[in-house]
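Paired with subunit B in one complex and with subunit C in the other, subunit A is shared by the two complexes that follow.
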Partner chain A sequence: MSDSFDQISQQLKRRHRKSARLKWLSMGALGLAGLFLLWFFTDMLIKGLPAFQQAYVETEISYSEEAAKDARQAIDSDLIPIVSRTEIRSIPLLLRNEPDRIGSRETRWLLANSEVDQYLKGHRSKLSDKEIATVERLVASGQVEQKFNSTFFTQGDSKRAESAGILSAVVGTIMTMIVTLAIAFPIGVMTAIYLEEFAPDNRFTQLIEININNLAAIPSILFGLLGLAIFINFFGVPRSSPLVGGMTLALMTLPVIIISTRTALRSVPESIRHAAFGLGCSRWQVVKDHVLPLAMPGIMTGSIIGLAQAMGETAPLIIVGMVAFIPDVGASFTNAATVMPAQIFTWASEPEKAFVEKTAGGILVLLTILISLNASAVVLRKKFERRW
Partner chain B sequence: MNSMNTQATVQTPGQSAERVEQQTPAVGQPYTRNNEASHELSIRVRDLNLWYGKSQALSNISIDLFQKNVTALIGPSGCGKSTFLRCLNRMNDLIPSVSITGLVEMDGRDVNAAKMDEVALRRRVGMVFQKPNPFPKSIYENIAYAPRMHDMVSRKADQDELVEKALRDSGLWNEVKDKLQEPGTSLSGGQQQRLCIARAIAVQPDVILMDEPTSALDPISTATIEDLMDKLKEQFTIVTVTHNMQQAARVADYTAFFHLGEVIEYNDTKVMFSTPAQKKTEDYISGRYG
Partner chain C sequence: MMQTNQLLLIFCSVLLILGLIAFFVGRSKAARLRASGSSMYAQPDQYAWFAVLSTAGPAVLVGTLGAFVLLLLGAEIHPLYLLSASLVVAAAGLAVGVVQVRADFHARKAIERVIRWVLAGAALISIFTTFGILISIIFESLRFFEMHSFWEFITGTTWNPGASFLAAAGRGDGSGAQFGSVPLFAGTFMITLIAMLVAVPIGLASAVYMSEYAPSKLRTIAKPVLEVLAGIPTVVYGFFAAITVAPIIVNIAGFFGLDASYNNAVAPGVVMGIMIIPFISSLSDDVINAVPDSMRQGSLALGMTKGETIRDVVVPAALPGVISASLLGMSRALGETMIVVMAAGMRPNLTANPLEDMTTVTVRIVAALTGDQEFESAETLSAFALGLVLFAVTLSLNLVSVIMIRRFREKYRVNNL
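Moving on, here comes the complex of A and B:
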């Protein structure tokens, strides 16, 4: 006689309990990961968002003869410790370039000192009691205000926190990525096409394959050493330049592009190749006209992800000298430049409190760019996804 | 060429001078069809052997295929009929472990010779596959691609004309003439297969190989394709692999029965299905195995 439903249910209870336990465990792990992510983002936002606000002081500047020699004569002596020294120092330069201004007066919003900024944001500051009194007075009369920090997006690095910006790093990153993409994309895609569509399957190609897969797992700092040894020391590429940084990162991105391209090529159904061969296409025509167009979305996705990975890379760039104090926005591929993660690294090691929010602000900019890159990869994949 | 025909192992159902007078063909011997006009040789196969790695898939195949006829290759699964078909346009080249001996001759040339360019061969020997595999491009582009690639057309008007002709010949024109720019993959299965046929005939080959062209289709689409094959044999030599014996009986002028990599019998379809010469053929046709 077979068991009744009740008996079977009795036996099943234990099995059901087991699967329920597993379900709760995995959901717990997921929740924990989500919580950490949320924590990280909230922390970044809380620390970083203030970096986009900066204190400005409405100041009356008198462009006198004395001011051309000693800038401190141009503004009220009470304001000297409050206004950023960057602004004060720029006055004699301005007068030298535009001598007509001498003798005139002007009221402008100037960048406040980072200590004032930190004080207004409620952080600890090194202002004396007298200076605090001045700041309070100015705030009351509306002469000190928090405004959108355009300096952060339009200037390069600076030793003074209030005038430090991320632009030179953004431009450096863009130039480096152009070099990386220009080298890694064609070489990577062509290598993958050769291995996938042309190469015979023998010991030699298998060896190449294994090595490419291993290359993807090599610590990135080793690529930096390779870049230093080969590109800088042997070929004499200028150090700290986007050129050498881009070449080094290209080495790192290559395996990612090769592997993703091969996967994309392999996902093109064999029937399409047969159809093309059957019509009398040569191997190259099969690849160029049929396989490659179908694999393109996958190749693009892989390349964007590889690029995003390279964009967040710091270690190999330290070795080739791209972690440097770069106040000027880069002009060419061979000038010294820095990249965003390296800039964040530099700011993070500054002792001044005001640089903490710069660091977080830089991370926010980097994250925004990376997330939009990855999102565009997802969109590309969704848009061109084809089912057979 | 005729000297080969005298070999006992050569199976040819075509006209050969010595046999015409005989009237009553011997069992398994070359056979004459009196009422058919065309018996010109298209592809001559002699002592063809093929190995996948170490296992032999075809042994000593020697048959003649005739122009402007439908030849059906039948036989149980794994008997080598598709493998044989792919020898005719060297699609087996794509499989690295394959090795071939013997002669496949077309137009007096050995297709396996080093000098033979497989691209040139495939332009003259087109292929239609088991599963419809249109390119994921527009219907127009599916057909126009190959002629353009082979420099058969230079002007846009010629190309349009060629596309229309190929679609008319494949009986698809009236169904798709208003949506030539829609993707080929949006058509129904049967239409896709006819699109693949249109694509194959657009390069004006001599021979069209069909590898079970209807096995993925419904009965109505199958009937349409069979009618189409009947029409196309006026222009092309058709070699088709089929699992379906009724189909072979319906469409083929000649039928070759493959078993375990050998041609057991090759004859006029009517004769083959009414009075098979070999016991194995009879057993297969009557459904005792397969």
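Moving on, here comes the complex of A and C:
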């Protein structure tokens, strides 16, 4: 008899051990996902933070007659391989615009070459031994320094890593998002109102519902094909423009806005509708004056989340040509533009090593914007959420 | 073009003025009628809004429909005529709107009807979007299949569009171009398989932990943190896979004496899998929570341990939901573009070795549409044929997923899934 007791308790122990193992295993899976997130963000910070620092050289510029013709005469010949060529090239232009400067001298901090910058950050660089010696001497005398990289936030794209900035992409993103929101928000909210408040429950309504759920799961690149074949080739919307990008993204964001608006409308209790109907309101008056204001926080939250999603989208925009090289910052709906994710993609495909840092820096800017958008959505929801 | 813009501006301002006239004339007429003592169905403002609607509505409708028809027929009619026609309609609408201001006219009901139609029209846009996608990919693929046989596309094992580029440029006859999509689909399924091998176990286990074990405090933190994984833009994941993960995979493979390409399929697969985890965990979590507690109680009452209950009762009951979530995740992985564009290879490669470089359907779509090519070339059109297959596959996965989740919902009478 005691034999089987031992057997059973041993069996029980085994079973409980197995049960505990499942708990640890599932906890480990969750931990793994969290660890990945930690790894990912650390990696991005390590790679991207240096992009906000850039090497500058304190240079004496002599605005002589010769410099107006050949900019290389303006600065010390030792510094020519060290200072960024974008800076050197801008000297004759400056002199043409302000001729009274000719004959004067000036000491300024100029952008250093990306090779110098990479060398100072401890990466491999293509500098020759002589140039390295010059850089070391200048660092010792305090004439080469790492400073905050304002170029990155005030300039457009450039083929030279040191003068590439993200501003044109930020402006492009803003323009594109204006178009997206201007189309997707009204249409999405109207669709949701129709489905939730007006539509009879028939085949047609069900078709629309299934269709919306399906649209939400269609690969984003197919929206790009639609944009290319219909918006660009058929309607003749200018390629690469924020207009066509915004329209394409609007169709993609539509299901997100519709679904979240429907949830928000559904959370408004029936009693409010009944009370309004009881006072003699028509259906539209009920919706406009009572249901919609109460659902607005939820609708806004959903729209912000949809906007954040659209902002990070790249694939459809590549198809409609929004990966253009945009050196000048300009706000137009119909000219070629680029957006932040597309800029990241372009920089990621540059072979130069210095662009890896720029890419990661651009990613940090994008992630910061996305995280603050999502956080504001959460705050909005927390602040206005009502339990009925 | 500039002239059209100016015309449009003039049109809009005239329409605005007409609308304002309609509003004020309608309102004053209604107010006068009411002041004269007749009892009316609606408020003066409602009559005024009806007049505005009857002025602007038909005019805008005529304008847009007309422009669309002109574009469709390719007719060369100056936009001036179209816009003036629509202004005439607006004037007529204004007259009708003002005449309709009568005591026995139900202005509020009329507005209601118009609004209902406008809202239904907005709802139709989503249908149009699906049709738009379908039409664009079907028409262009048909043109592609006129050039290359469908059978070759489905069964061919060589994807070599290079020569078709020459043919489109007027050099060569394009006979060298081969569009056999098997290697592309093999690559796509390989990367998707790797992604699912990562995402399904981790996603399901996380869901089990969150719904069955985790204290509610941890749950409220863990759920949004997992959602962050889904919110990171795919271009960022692509960069991460190419720059950070791929070299690690190469090093690990090298440690075992294996030769791995820097564009191997494992790196994008693993990163894609991590991206999909929240899709699977979030839906699975909801489904596991929806499994009725009576089943857990029954199992525990029979002497099962908690682990056995979860493994043998809860998860099997939730299985349709879990499968449905996995299918959704799979359709997401098949259509994912940026991660593979940045981290996977460009070379169509029919192989079972995930350490080699291989390309996917979406990579070839992007490659075909970003080069400087004539739109008519077979390579450009092949992107649409690939898109068509992608659409068909993801659509069927989504539909099966919807059906599975509906079955689950009906079985356990859950409403909020």
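Operating definition for what follows: the second predicted complex is superposed on the first by the 365 of 388 C-alpha atoms of A that agree within 3 Å, B and C clash if a C-alpha of one lies under 4 Å from a C-alpha of the other, contacts with A are read in each partner's own complex, and residues count from 1 in each chain.
Definition applied: a contact is a pair of C-beta atoms (placed from the backbone, for glycine too) under 8 Å apart; a residue touches a chain by one contact, two chains touch by 3 or more.
Computed from a predicted model, the values in this text were never measured in an experiment.
Participant: Fit or clash for subunit B plus subunit C once both are placed on subunit A?
Facilitator: fit
Participant: According to the contact criterion defined above, which of subunit B and subunit C contacts more residues of subunit A?
Facilitator: Touching more residues of subunit A than the other partner does is C.
Participant: For A:H290 in the superposed arrangement: first (subunit B), second (subunit C), both or neither?
Facilitator: The first partner, subunit B, only.
Participant: Look at A:H274 in the shared chain and tell me whether it touches subunit B only, subunit C only, both, or neither; answer first, second, both or neither.
Facilitator: Only subunit B; A:H274 stays clear of subunit C.
Participant: Looking at A:Y63, would you say it contacts subunit B, subunit C, both, or neither? Reply first, second, both or neither.
Facilitator: So A:Y63 meets neither subunit B nor subunit C here.
Participant: In the superposed arrangement, which partner chain does A:L366 touch: subunit B (first), subunit C (second), both, or neither?
Facilitator: second
Participant: Pick one for A:S282: touches subunit B only (first), subunit C only (second), both, or neither.
Facilitator: Once the two structures are laid over each other on A, A:S282 reaches both partners.
Participant: Which value, in Å, gives the least CA distance between subunit B and subunit C in the superposed three-chain arrangement?
Facilitator: Once the two complexes are overlaid, subunit B and subunit C approach no closer than 7 Å between C-alpha atoms.
Participant: Show which residues of subunit A both subunit B and subunit C reach, each in its own complex.
Facilitator: Common to the two interfaces on subunit A: residues 282.
Participant: Which residues of subunit C touch subunit A in the complex?
Facilitator: On the subunit C side, the touching residues are 71, 108-109, 111-112, 115-116, 118-120, 122-127, 129-130, 132-133, 135-137, 139-140, 201-206, 208-210, 212-214, 222, 224-226, 228-229, 231-236, 238-240, 242-244, 274, 277, 281, 305-308, 310-311, 328, 331-332, 334-338, 341-342, 362, 365-366, 369-370, 375, 383-384, 387, 390-391, 394-395, 398-399, 402.
Participant: Which residues, counting only subunit A, touch subunit C once they are in their complex?
Facilitator: Residues in contact with subunit C: 15-16, 18-23, 25-30, 32-34, 36-37, 40, 43-44, 47, 186-187, 190-191, 193-195, 198-199, 207-208, 210-215, 217-226, 228-230, 233-235, 251, 254-255, 258, 282-284, 308-309, 311-315, 318-319, 323, 341-342, 344-345, 348-349, 356, 359-360, 363, 366-367, 370, 374, 378.
Participant: Can you list the subunit B residues touching subunit A in their complex?
Facilitator: 89, 91, 94, 96, 119-123, 126-129, 131, 133-136, 145-146, 149-150, 185, 196, 199-200, 203
Participant: Which bits of subunit A are touching subunit B when the two form their complex?
Facilitator: 200-201, 269, 271-282, 285, 289-290, 294, 386, 388
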